[in-house]
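In order of appearance the chains are A, B, C, D and E, and numbering begins at 1 in each one.
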């Protein structure tokens, strides 16, 4: 009996739409996908072993290289982990500054992530380039305050490297005037476009129970209908002082994640507005002076601090043996865990959908391979 | 061209094409090869029709209409023929004419 | 089971458009927006203000340049005092210890007479290729001897050249003051005080007569000061630093550069007071647009030539620049 | 042209030869220069849509960019895969380019018609059909799994969109009564050069359907499945580099140019416009050429706008769109076109209408009564058909979500 | 007797006959299909020479455009699993050659005998209709697409309808024969569907490595 034999296709590692060095071994029967085996590890840089060799401060610039889209969020998470381990308290103004940087990073991450996904769908990078412009403005702000666009290395234990001054505030306010126009353009461009609906609705459905089973976090989890956001579940760094909502999807398909990310950008905009008003003046100090940064010694023990990074729950687990560097240093990378749900989520769809589903999970290989 | 090329040359061309098609149809083992031979024969018939139309009765339309009918029939025939070829291939995993001889005694 | 322990008013369900496909209205709305963007980008003014989201926003790099903010950090450089020619570095090895990729290698200088170590560095090698410009060395240095430079055009043909040794790392304090005025003014007094008592503890022979430094230093020192003077009228917030002059540029080139800077400064003197690095870019972008024909100043500031560019690379750059100038009919 | 040469003393057949050679070179030069302009025009337009500046380095405003790209592709190494079918691999771009250039034989440039076949419209569609052969050869000749998949998909797409494209032209042929492009352009010349077909309801729907189908023929977004880079790397062009890839690129953009020219000729009255007849002679020809190019590049701008905005359709959606959405609409459009012709031209068969509204409209005197009825009737038919088919085919199918027990038992779904 | 026409006719004749010969002699079946396309285009050029424009365009559209693609698809779908090693032609292919040459030998002489009668008949036919006084001498009106259309609707209406029904039958027949029923194989279930089934307690029979075990009815 002649059976069209299943075709083994290799998507990646040098494939234009795999967001970095990532390979998918796909077995296809005709057009529908039977099985997908993700292969990664091409970008492994021995990050956690380095964490154990370096002192706490020396390891901070390496955290920029994890999710290279949101280095501010990575720094913030690592700083919080060391602060809880060493019992350092952070002044008010520094917490506000960290929140402002996180929300700015969330906006630029979602803008570019959605742009890349639409590029994979074939929309020829228009949405991506509008997103890139907003990202450029935000990166200029990061560059002004931390010294580098993407590798910010901005947080220190107990505060931040440099205070933000009034030039930064005025420019931030100007940036905030432009953002709503960008959001409206972005939504108007594609949200109701028939072809996007055809390509995104009911594709890559991840039901609520399975989302919890795969322990995915972030927009992927909220897209499937579970309202879980660390900024609300375990409010850290003055997040409890801001009023903002958590967007949640219903079906859990690519379209829902798309909508959730856009809604999250608007919520970050609200948080930024409130953060700028409530920003305490500079007398409170932007860093805790009592902390000797480079020779910080943490008492023996362990600590786990987590932050709502744009990709999901980013956590740092530190075990210290009392010396200047961590005994065990583990990073809970959201992209790595979200990626584990890709294989089952793509079954039954066509190859064209696999690329879109991968785009909707929004992974960065730096974080996955560490 | 009507003045300079006599009708007989065109007919001999058509006859030549017909014989080539016949040879192709008879000698090819692969059924699709046979179908191609038959296509050539049908084409040569069409050349005859058009030649007679053009040389002997250019104002009428009998030749042209007949030629269009043969094209239509030929297209239908190729479609059904190749459908059969695919069905046979799916059943027998081969399309060599001499291997499909289950009716032989 | 819902895990969400959030108060219901904190959660809002994203409304999905589950309706059937309509007759292309969604698509035409998108097309309309893209057409509006097209019209604005083609006919509207280039996008210079951070607030507007329309118009051209890219900067044509070699001709137009964004001015880098003060805190910008690329590769570290060492400072030496213009007046006395003494380096600030006392080889205390703090930066060598903190550097995450361990790229700094210092050897302490010795008093030739007595052989005892002296607070100065004999050789200071920094591997520019491995350095990830995290800025820790500048942070921990107690004597503010090592600072982060703004020059990013460091690409070079041969790899060994990237192990930058002592004399190629040194820059005059005036150079750093030009690129990061406020950051230097904060640390200026204690840095100079520490330098004075360090000089006392250095015997005459060491530190003062570093051959190439004094010779090169003096000449550049002279040229450097007018640059600082010609810095554009400092508004309330000092305008972003202007691109610096290459250390070992030929004389006439430096002079020409200063005249250009002066002309730009004079023209920009009256310009908008709102000093902002990006806004700073706007005048540059404007100058490029409207001055080719008008004033004598060449269109846009001429890019500074990287300090440690290899000879043939610098020659090739000069040739291109000359061809460009000839083509622009200067 | 030919008779001008005979006065110069050449033998008649020699002058015909020279005239045709000159015409062929003019068309080829015009076609390839047009193609280069299109590539530059598309990249500039898309870059302005994305708020950035397109190519502006090579030559004034980047106009020499296509030439520099051509030189670049020519200098690239022209690799042929080892076990590939060498001849087929080499011939594929030749066939593709040949098919495109063949269709230029008939396409008018403003008022100047290279050659006027009386089955010109069908000729253009026939040469469009030859593309699929080139694509099939490319897919097969490259001996590469992705190229074969891309080739098969491309051919399936071309064939399934060729049918709506041909059917969309039938109303135009019905309305002019002849298939020759010259007569079609003349038929659109009344009302002072503005009597374009696109203004009649039949023509409008025909224009929309023809333009969408030709988007698929030219593999433009949202139908650029064959070389959808995000899935199968470059479709049938995967194994091509250097000069052969440049030929593919040239044939791709030339077929877009040809499609824009044909759409302008069929529906927008190619070369007609206010003032063209008044000038007459050479100046009139020039003005018509300008009008013609303006119309074509406006159409190409729409193609570029769509490419910058809309994502790509999946293969099954693309096929469904062609067979379930375009085809029925095209058939209905032919029905309403026949009504249009019946109302406007027939008098013996419909004595009642002649009594009420007088003789049918002749070339100069248009019978407004009949025209009004025709417009209203065809508008009703077309609008009703579009609404009905829209509702039938565009249900939001909740596929992939639930499986009923029976479905599973039968193993159907 | 204009030499250009003769020259062009000879070129086209050689092209068509040459590609015809190549179709039947080339070993690789794909190449013979491509030569078939070349011969179709040669025949279309011949029609154009004989001013049957509509037929030439229909020939390109139907044969070169569609039938050749059909042949190519058929060849690719039935790729010889055993490769090209197998003999291309029957053992006794020379019998077919003899038959073909014999037929050719019979037809051509009879044609040449009637050559002369056909010449006068064609000369008579070329004379156009008698010139009406008012108009210029109207040349020979060769039948174009409009006359063909009128004759389809007029004289040949019955064959036209029969042909359309024949095409419809061929269409449906081809699909029915070639359609491979997909029902016998399990469709790949997506995550959501599997969950929907699990909720209703219908657990898919799965073998060791998780592939869905086909129901026993399909074991055949």
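The rule we apply is simple: a contact is a pair of C-beta atoms (placed from the backbone, for glycine too) under 8 Å apart; a residue touches a chain by one contact, two chains touch by 3 or more.
Quick caveat: nothing in here was measured; it's all calculated off a predicted structure.
Counted as hops between touching chains, the shortest connection from subunit D to subunit E is 1.
Each chain gets a centre from the mean of its Cα atoms; the one farthest from the centre of subunit A is B. Among the chains present, the centre nearest to the common Cα mean is that of D. Ranked by number of C-beta pairs in contact, the top chain pair is B-E.
Put simply, the chain farthest from subunit E by mean CA position is C.
Between subunit C and subunit E, the centres computed from C-alpha atoms are 71 Å apart. Averaging Cα coordinates per chain places subunit C and subunit D 53 Å apart. Taking each chain's centre as the average of its CA atoms, subunit B and subunit E sit 8 Å apart.
Spacing of subunit B relative to subunit C, judged by their CA centroids, is 78 angstrom.
Taken residue by residue, subunit C touches two or more other chains at 18, 21-22, 27, 30, 34, 37, 47, 54, 57, whereas all remaining positions touch fewer.
Across the assembly, subunit D contributes 49-52, 308-310, 394, 396, 400-401 as residues in contact with two or more other chains. Shown for subunit A are the residues that touch two or more other chains, namely 126, 130, 133, 189-190, 193-198, 201, 205, 251, 348-349. Within the complex, the subunit C residues that touch subunit D are 18-23, 27, 30-31, 34-35, 37-38, 41-42, 47, 54-58, 60. Chain contact summary for the complex, subunit A toward subunit E: residues 1, 3, 29, 32-34, 205-207, 209-210, 344-345, 347-349. Per the touch definition, subunit E reaches subunit A in the complex via residues 185, 187-193, 195, 220. For subunit D in complex with subunit E, the touching residues are 13, 16-17, 85, 87-88, 91, 117-119, 122-123, 125-127, 129-130, 132-133, 136-137, 140, 152, 155, 159, 162, 178-179, 400-403, 405, 408, 410-413. The touching residues of subunit A, when paired with subunit C in their complex, are 54, 57-62, 126, 130, 133-134, 136-137, 140, 143-148, 151, 153, 161-162, 165-167, 170-171, 174-175, 177-178, 181-182, 185, 188-198, 201, 212, 226-229, 232-233, 244-251, 255-256, 259-260, 263, 293-294.
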